[in-house]
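Pasting in a structure now, in structure tokens, and then I'll have a few things to ask.
Letters A, B, C, D, E and F mark the chains as written, and numbering starts fresh at 1 in each.
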């Protein structure tokens, strides 16, 4: 159960500001499927629009990072933040973008290792080496 | 200040189990620099050895993921876990492995966006779409 | 499923220290409903009592902050800590205290934005401006 | 030290896309002060622009929530996410918007209490009461 | 639902590297039960092996800390990281190792209190007292 | 720098409600040292009193858990929550209560391992085994 109502297609179609975003999601992804996140976010059409436009700009299309790499970074952040839904949706997205079994296994290994050393560093309060400073 | 003493080279050399790991770090990285994390972890030589061997296996050498991609995932996890030292050391490592300014800018954008949608999803408690289920 | 048994009313009534707290919860809230958190916490009557008294002091009654504002802050913390139950219970409480749809939309927007800039700041390790220092 | 260079005014003025945002920050806030976050984010002018526009839309001006309430929610999220810079900058902002000592004391109390019950709930894995479900 | 397939015994037996770990888990624990974590981790046999060997070294057998204390520390970390599965599995493990009701009640109290003071400290940005410095 | 003023002894003595708590801290700990946390929390005397009384009840004196074990659990939670001050103060407290080097090494190992498996579990979204259910 969610704290907001998840809009059905009929309900979304009845609100022009929501319909416009849903239409763009479908056109951009070339798929009829609009996942629950957007159906919940439609609760606040301005927030829905801002969030979708940001996601489209950051995650869709060409860039300096391969789209699959961006999805794997997304999985990493979502895991550390403990967001179940986000882990599921972005793991599915990464697979749809071609993540291989071997790549996923390595991704899991890096996420687990990073968490371990993050906690060790914090527990020991290791000071930053001056060598890591950015030369401006 | 740390909660443990950071070993100097002389102190590390005096403990064979620590010296062996420091030697391997230097040989593997082809550099004399041993950063503070290992100097603190030397507090417990068995933990030092296990952690280094794991890191060498996961982060060094060929794999299904490019070494730079692994560093970027590491930065993402370290950021979400709020580990300052880890953010610094792995951002430096990513740059040493060729991360461009444009790639770093996109990495930041993905990390920020993921955190935002993670929190929106958690605040609204969006249920996982059945479409994301793994077909076994 | 929980890691502790959730006490039924009959079971709670049989333990005087638990019954006293449940009675006070009902009297304070003017409602017969005692939610699962307290039924689980009854596992340790001293912890139950301390937690309830603290909650009553902080969240109930007049104060410098409106009760609804306190609930919204509670939702914010619970979201960032990834506590599903707490998100549900305090969103329900905020609505019971009059949170409007527009207010909830803005709350979501602030939570999401804060999470994004939190992560951007941590990834870039921005130093605190001296202007933010407290003048003592 | 940061992982990116913090732009001086002279450096910011030399990049039109950055200058435009800095000018708008100054005009919107009616102050010459541009804090370090924006000077770091200028690293990626597109990210700078998107983040500022979002912040202006969410945090500035009239809304369903009082601007001070929005700052207090921001402090709450920043605290739970462990962002030192954000805690400092938004506590300063809340004070600039009139947060009283009594209000700040209550804010601290709510943040601390929420964190405590968040952890108790997670440790006990309390199931969500059906009473908290949203009636659609 | 998981993002990976959880291997059945028959599937695990068909992969020698997985069978070897499952056999060792059963022999070490003197029980036929292999919990879902290992069945999912079997997705990547090398990660499965590394993780199990590490866990066996850290959590099983004699040490400077009582095995029950180690489980309680595990519960504490898992709670703060919001890992439901880990909370359940390590609470069950702690009980199997003899955790009493009174001990569990105190564990909950410490976890809750620590979370509260963690957040208060972060919200107030308390500087570390020089008295806490390690004398090297 | 903190977001609140840290009271000096002279300032604390001038506020009876603060002085009473500081006196009790000194008497309970049999030490003149009052660490910065309490000097900051004195900002809100009621919050100071509630927090100290709770800490005294949970952390001081006999109980089902050894005081050292309670400190180690506190370190674990503080690490996972990324609270630098708390890590420092409770590591110092654990050492004052007799934590040996070997015990601290094991504590670090458990914290690191737990964080790793927490993240692996969350990334794979492992479902809870029915065997872990509490028999009521």
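Everything below uses one rule, namely that a contact is a pair of C-beta atoms (placed from the backbone, for glycine too) under 8 Å apart; a residue touches a chain by one contact, two chains touch by 3 or more.
From a predicted model like this one, the values you see are computed outputs, not experimental measurements.
A centroid comparison over C-alpha atoms places F as the chain most distant from chain A. Homomeric contact chain E/chain F: same residue numbering on both sides for over half of the interface positions. Overlaying chain A on chain D by C-alpha atoms takes a rotation of 180 degrees, rounded in steps of 5. Inter-chain spacing, taken between the CA centroids of chain A and chain F, is 34 Å.
If you average the Cα atoms of chain C and of chain E, the two centres end up 27 Å apart. Centres computed as Cα averages put chain C at a distance of 21 Å from chain D. Shared interface positions of chain A, defined as residues touching 2 or more other chains, are 1-4, 43, 46-47, 50-51, 54, 77, 79-84, 87-88, 91, 105, 107-109, 111-120, 122-125, 128, 132. Only residues 1-5, 46, 50, 54, 57, 128, 132-134, 136 of chain C touch chain F when the two sit together in their complex. For chain B in complex with chain A, the touching residues are 1-4, 6, 33, 35-37, 40-41, 43, 47, 51, 54-55, 58-59, 63-65, 69-70, 72-74, 76-86, 88-92, 100, 102-103, 105-107, 109-111, 113-129, 131-132. The part of chain B that touches chain D in the complex is made up of residues 82, 87-88, 91, 101, 104-105, 108-109, 112, 119. On the chain E side of its complex with chain D, the touching residues are 75, 79-80, 82, 84, 87-88, 91, 107-108, 111-120, 122-125. Residues 1, 3-4, 43-44, 46-47, 50-51, 77, 81-83 of chain C are the ones that touch chain E when the two sit in their complex.
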